[in-house]
């Protein structure tokens, strides 16, 4: 069900990833101040963007789940959130590396994206205990969807609030040239963004397929067990 | 629907008046936290950003207590079944619980804010009262809406005392930011509103989003 | 009274019922016959001709305790040239003992109060209910029997609309579960293990609160407090009352909104005989409501039931007529 078109997608992902890496290493200009480390930007920012979109997409899929009652939407929402959390942790990690390399500290509060992600990841980490402390499967799915919707609506509000709070105090340290990027950077950035997005979708489909298969297996096992009880 | 919400709210208020469980505990908690901050920060008086931060963090932590207790009466006494068996819209339930939490917060703040002025605040509170009240009101609406939602989400999970605070506090970060930033100018020696408008706008946006969202989504909770 | 909400018509054999009665409710009739020991369960009488102004019928039934009964129409009177056909009659009401039915009450010819077909409810991977199939006519009493953990309470909660069925079909009072689950609670009176009353509030306050929730007039609270014998202590907080008094108040709560269906989980627990008798007109057979009764008292439950349903580990073992001995097998 989920594996339609998977192979071309996977191939596209690998190709784009390779292209992106090539561009990052050989094509994009070297930053005068920060040196080679600045190239982490091409991982950090696309990861952030894709992760955010993933959280919001998870919320939208949760809405679809509640309205249709179809549990496959819940599974899609869960996997989207799951991968986005991993990417979110990646954002924090790459942000920390970048901060250390260019600013000397492992953490900076002046970077609104990083700070927002800290809050968002802390919030979404509660998704797992919430989900798995509810035993009934349908209720589990429903409550998870409610959380996904609330958290998905929260993410943009949080970003706005954090950015507004930091706007006064410090200029952004990890940002780029104030908005406009030179051509080589822009191209590299866009390709990296595309690669990250494709990677997300590929992983999403991969995990969905594997979960779906294991669920089918469980269902068949259960049916078999029931039949044995009835006949004996 | 409003009638049913009113009935539930009246019942919750009556229960609280009789048992006096949530509000006194929340109030006492804020006073204790003020003392902790005094010792922790080693300061006799605060002003400006620090004051605003301490005040609002304390109120948020008190809200966590209120949220954990929001469905306690149902769980411990009446049984949540009684609510579920009544032909009552889940939206009415949300309005009632949200309103109850709002009123509890207001009751706590009636003591906690003057106490803050007494114990920890350097400059006086007096001059900016109407603006402060507005910030408190908008902040409380946001806390109440999200609090009721989180209380319902956590109500029937096994680890509810753990999950409720962990869910609530990150979700309230925008409220904390907006309220602390909005309050800060009024707690400085040289008082004066700065950019109050943008913070109030953020707060209002947050309140609208979460009230509407909770109303829409509450139907899917507390059943089955 | 046949059952709440059902129009009632009296007729003797061969009597003309008159045009007016059919107009109100063209496909339902309750026929009350004063012959003792005979009851007339009717699933549906449907007149197929357009001008069916007068319907005269007298349905007689001979039934056995063991086999499902099929109704035989003895006389369908024809008035003039109008031909009235009784279209389909089939009912599986099974009485364990003819002699029990002293009061002759005809069950209305309308859809049964509860109709379950292969009902299933899981709890995680475990089966809580499976294969539950039964049809309960309006006004009848269904006894649900089984050992602890067999799924009796789960079944009650599904019928109350509190839990949704995972598989199978279920119709409760014209509401199809799970789709129309929201229609059920308003028509159901649930008396479970917990009294579902707030311990810090008084009996009166509790009932008033429930009255407001259900949109019931406040005067009914006073009436019910009197009916359960709790007027004197109605203003004391519940935590100061005994468990039996709480149970009485819980019964008052359950019937406050005059529900046509009662779901009773050990209703007489904690009650002394005097109190049980007080509650009888409210929640007993005399109330005329459709009842589903869960009880460990096999003989007592069977004595007041029309149907019985047995559960073992969630699965239905029998439904219908049952001898007490067969029912006790469930507990071994």
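Think of it as A, B and C in the order they're written, each chain with its own count starting at 1.
Everything that follows uses one rule, which is that a residue touches a chain if its C-beta (ideal position, glycine included) is under 8 Å from a C-beta of that chain, and two chains touch if they have at least 3 such contacts.
As the structure is a computational prediction, the values presented were derived from the model and not from experiment.
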{"item": "Which of B-C and A-B has more C-beta pairs touching across its chains", "value": "A-B"}
{"item": "Chain separated most widely from chain B, comparing mean CA positions", "value": "C"}
{"item": "Chain nearest the global centroid, as defined over all protein CA atoms shown", "value": "B"}
{"item": "Separation of mean Cα positions, chain C and chain A [Å, integer]", "value": "54"}
{"item": "Rounded Å distance, chain B centre to chain C centre (Cα mean)", "value": "46"}
{"item": "Rounded Å distance, chain A centre to chain B centre (Cα mean)", "value": "31"}
{"item": "Junction residues of chain A - those touching two or more other chains", "value": "136, 138"}
{"item": "Multi-chain contact sites of chain B, meaning residues that touch two or more partners", "value": "224"}
{"item": "Contacts with 2+ other chains: residues of chain C", "value": "164"}
{"item": "Touching residues (chain side chain C, partner chain A) in the complex", "value": "123-125, 127, 164, 166"}
{"item": "Residue ranges of chain A touching chain B (in the complex, touch as defined)", "value": "66, 119-120, 122-123, 125-126, 129-130, 133-134, 136, 138-139, 142-143, 145-147, 149-151, 153-154, 157-158, 160-162, 164-165"}
{"item": "Contact footprint of chain A on chain B as seen in their complex", "value": "146, 149, 153-154, 156-159, 162-163, 166-167, 170-171, 173-174, 177-178, 181, 198-199, 202, 205-206, 209-210, 213-214, 217, 220-221, 224"}
{"item": "In the complex with chain C, residue positions of chain A that touch it", "value": "135-138, 222, 226"}
{"item": "Touching residues on chain B, where the partner in the complex is chain C", "value": "3-4, 6-8, 10-11, 14-15, 18-19, 73, 77-79, 81-82, 84-88, 223-224"}
